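Read through the structure below, which is laid out as structure tokens, and then see the notes.
Think of it as A, B, C and D in the order they're written, each chain with its own count starting at 1.
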Amino acid sequence: MKIGLIGLGKMGFNLMQNLVRHNHQVAAYDVNPELVQQSAEHGAEGASSLEDMVAKLPAPRIVWMMVPAGAIVESVIESITPLLQAGDILIDGGNSHYKESITRAEKLAAQGIHYFDAGTSGGMEGAHNGGCFMIGGNPDVFPIIEPLFKDMAVENGYLYAGPNGSGHFLKMVHNGIEYGMMQSIAEGFEVLEKSSFNYNFEDVARVWSNGSVIRSWLMELTQNAFSKDPKLEGIKGVMKSSGEGKWTVETALDLQASAPVIAMSLFMRYRSMENDTFHGKVVAALRNEFGGHAVEKSE
Amino acid sequence: MKIGLIGLGKMGFNLMQNLVRHNHQVAAYDVNPELVQQSAEHGAEGASSLEDMVAKLPAPRIVWMMVPAGAIVESVIESITPLLQAGDILIDGGNSHYKESITRAEKLAAQGIHYFDAGTSGGMEGAHNGGCFMIGGNPDVFPIIEPLFKDMAVENGYLYAGPNGSGHFLKMVHNGIEYGMMQSIAEGFEVLEKSSFNYNFEDVARVWSNGSVIRSWLMELTQNAFSKDPKLEGIKGVMKSSGEGKWTVETALDLQASAPVIAMSLFMRYRSMENDTFHGKVVAALRNEFGGHAVEKSE
Amino acid sequence: MKIGLIGLGKMGFNLMQNLVRHNHQVAAYDVNPELVQQSAEHGAEGASSLEDMVAKLPAPRIVWMMVPAGAIVESVIESITPLLQAGDILIDGGNSHYKESITRAEKLAAQGIHYFDAGTSGGMEGAHNGGCFMIGGNPDVFPIIEPLFKDMAVENGYLYAGPNGSGHFLKMVHNGIEYGMMQSIAEGFEVLEKSSFNYNFEDVARVWSNGSVIRSWLMELTQNAFSKDPKLEGIKGVMKSSGEGKWTVETALDLQASAPVIAMSLFMRYRSMENDTFHGKVVAALRNEFGGHAVEKSE
Amino acid sequence: MKIGLIGLGKMGFNLMQNLVRHNHQVAAYDVNPELVQQSAEHGAEGASSLEDMVAKLPAPRIVWMMVPAGAIVESVIESITPLLQAGDILIDGGNSHYKESITRAEKLAAQGIHYFDAGTSGGMEGAHNGGCFMIGGNPDVFPIIEPLFKDMAVENGYLYAGPNGSGHFLKMVHNGIEYGMMQSIAEGFEVLEKSSFNYNFEDVARVWSNGSVIRSWLMELTQNAFSKDPKLEGIKGVMKSSGEGKWTVETALDLQASAPVIAMSLFMRYRSMENDTFHGKVVAALRNEFGGHAVEKSE
């Protein structure tokens, strides 16, 4: 098949190579012309503009967006919509909020454009070698794009999940689970690190990756990380987050679902962004007030 | 009444003044002779040694220990037991673990010595002006010492709680609640501090101390703290802990009671003791492994 | 002063009595004519409609809304706005979301109407005898209504907090703290209840209300509750919530503030609304899958 | 090799078959003679008593205990120690507390018996087909038993972890991580279940098991569980626990390590054991006290 691909960053570039390897033709565009050039060197057909990219596609056109969620997705859709026709298919492969995907799908449907929200998991490696896709959209149109997912995914690695929004909702919750799993693994290693046993963390992650109940890709990645830096001395424990974990907690709140572990995983990330906290100051001040307990002076 | 007092630190010295103000005679001892000297200047009868202190007391003797829990309490009991006689009363007013209090009471009971575990709350101010006491021990003996509690406590501020251990258990749980309340207040102010409103925190603590549902002594102390340092810029948010919160969580685990809030309050204290965390490093490394997300290098 | 009061429910009726007791004239309206009738019996001037109420007020009019947040507030504002004039003052004393209060204030300002968001705390008792008020709005207009707050509040129990939204924001965070404090107290009593000591909970709440570090109005209310039902056998542990706790957590998420204790307090409330949970089923099923651990069959 | 095996329950019986399949001779004993009989039918040499089992083993003897942690392990050790000689090897393959394993190893070392604590993971399937083993004990003696682990484990599925205690410590933390991972997965499905999308949970678990960041054995087991009961309608969400998660939290508390997610996973398990909670009653009573909010009456 022939597909337009917008966004050649970490994920998009790997997806492009994945598609090319499966003998799909990819008209590739990015705001950065260097990435377009590099994609051409890896078997894609470089496009100099959105117009150029669209012009290279046969109708009905299939366009995959792999750009940052939020304002960028919004802007790309605004730019490309006038270039598309009824019957064309636009796929958002990024981490958009599912509610925005529902709104966008409705808007585009009014113009006859089929919108799909396709949550993508598996990291850069998955994008390159075979990932996991959760897709929401029109079930009657899905068969047209299904071959792409069949090729890009590992076996059993894609799911038509339901109507628009269901794909990004699933990806959002996937990331919430991911936050919890990562924090679980990380707390375990913190307990090991503080223990009096002198564990080799790479060995531990390896044995836990083989045959244990907690074997998982994340544990294998933990092994990788320790193989490069046995005690992670080179990095800081600053845990950034890109939104999906927060959305999962907000959604849990809206649904009155108890999600304490996902929520705590997120709060520990926020905590890690600060060197000191105001809540800590309040508690320290209170201990001093009632018990005369010493406080540490700030420098 | 006449009472021996061992330990003239922040709490003990204030209790001594409280007792003296209520016309009790206090034979006061501390390993630090300066504190003994100062107590004499505040109306107590200074004792140069445990022996000296015991010698000053009429039988049956009443001795109050106000020393750090753990090894010090243990050592004081070992030293004083040979000096006491059957019928004497020994009171542990500190924050001993209730299980240790039960064990000690049993041992001393074998020698005819009556042991009471008296949890003390109210901070230094309470110790000085009228505090809160939760007492466990022999109900038949309690009336002998009740007048002391009646004098040292505010109205309705003492409770004979039950058999040995029940006093320190109650104090332990009290401190667990205290951890949760303090963290609750502190989180609230952290949200205010991060908000775009430019609140005067002292004013906020004052209005919340008057007429609100959350009015409490801790809120009044929050007001005090902000009155001295409006944004707590002078102190660090390092939240130390002295054990009772941990014991409450351990006890909740043993009783299979869900105590998520007290537990989280404690974990946030532990978190505040560290500049960086190993669990944070693991999560940061994992994000880098699967998604190529940048990590912050340690210096 | 003369003030219009809309809403004569639990809070509004008590506020009305509070105002009347302080010699204010209250034109009182509620959709329920019985409540209007009763308010008239308690010294208010009953109004048969919004129009009637507004007609009873001298310009510039001062109107206090004490109705449920959300759709009802919205609808009351829609109905009353055409009846008001530039220079009139409209106060929302309920628990509206601060963002809605900001929006409403802006809309009404365009018509010259001064809007104030006045968070009200202290429960029904506070509304009746003296409560706590956190007020956001125009600082130049506030002095006009300040005498009302001075009378309705306990001493130091009202605060002009800043621009519109700051009052309801403060009330929201107040309620978040309240959730945490209540859960802290409740967890403590759960530990007591599961312990082997046979505590009298009313006595415990009383002693903790007098002289302890955790003395607070909530602890006094705990004492009241146990005085009526010593082991709370008559009620279920279903912990409902009315939104402000959720908003506090959502705001903390937006501000990247760690608020684990407030969040856990909320999640435990959600958990209490369910007899069984889907997450519990998943964990139980997993334990069965890997370890053959028995599951409990549903009936 | 020839090995004695004590305990032919779910795990022990599978391990026996694993060993037999790898051409080891297993002298198998259980207090239940039926299990001994069955093990004989599966290629083991049935033993009628501990004495009989020990008599069947050549010196130095290797004995594997696969019995419930705590009193049973203690009692088996007491019974078998007099039957063993210096140079013999005793392995505890169960979930004993690491501190008990250290104590036992020291006691047995005094008699020349080599004790190993071997944490075993992988569930029944792992025990049967290849599991994961974390072993603590004397490094000079370990090579004698290493061939057994090499055969029983999947590739890279065993680790000599360090001195006595380090094996069971590692298994304990492994289980703590397991609690967190399971709760994370479960919370994710709870959010899905409460959402308006009508997901097929088996499909979701399948797609997440293939190519996603959260692919893991636990996710595959989740798929299995949903394949049998698509909405888990047949089971209750009662989440039992067998101790290692609690030990992990206790150890985290001792080490002052923040482990909020593992702790919350455990507390949610405890919560699930109760139909109603005392803390819920306290909060409900308090809401009624200050706000007049209705409570639900217990039946």
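Worth a mention:
Note that a contact is a pair of C-beta atoms (placed from the backbone, for glycine too) under 8 Å apart; a residue touches a chain by one contact, two chains touch by 3 or more.
Labels paired with UniProt names: A, B, C, D = 6-phosphogluconate dehydrogenase.
Here the structure is a predicted model, which means the values were calculated and not measured.
Touch-path distance (fewest steps) from subunit A to subunit C is 1. Placing every chain at the mean of its C-alpha atoms, the farthest one from subunit B is found to be A. For this pair, subunit C with subunit D, the centres built from the Cα atoms lie 48 Å apart. Averaged Cα coordinates give subunit B a centre that lies 39 Å from the centre of subunit D. Annotation: 33 Å between the Cα-based centres of subunit A and subunit D.
Of all residues in subunit B, those touching 2 or more other chains are 122-123, 183, 185, 187, 190, 194, 213, 217-218, 256-260, 264, 267-268, 271, 277, 279, 290, listed in ascending order. Taken as a contact graph, with one node per protein chain and an edge wherever two chains touch, the assembly is complete, since every chain touches every other chain.
Residues 10, 123-125, 182-183, 185-187, 189-190, 193-194, 217-218, 221-222, 224-225, 229, 232-240, 260, 264, 268-269, 271-272, 275-293, 295-298 of subunit A are the ones touching subunit B in the complex. Chain contact summary for the complex, subunit A toward subunit D: residues 121-123, 126, 130-134, 153-159, 161-163, 165-166, 169-170, 173-174, 176-181, 183-185, 187-188, 190-192, 194-195, 197-199, 203-204, 206-219, 248, 251-252, 255-262, 264-265, 267-268.
Chain contact summary for the complex, subunit D toward subunit B: residues 213, 246, 249-250, 253, 256-260, 263-264, 266-268, 270-271, 273, 277, 279, 290.
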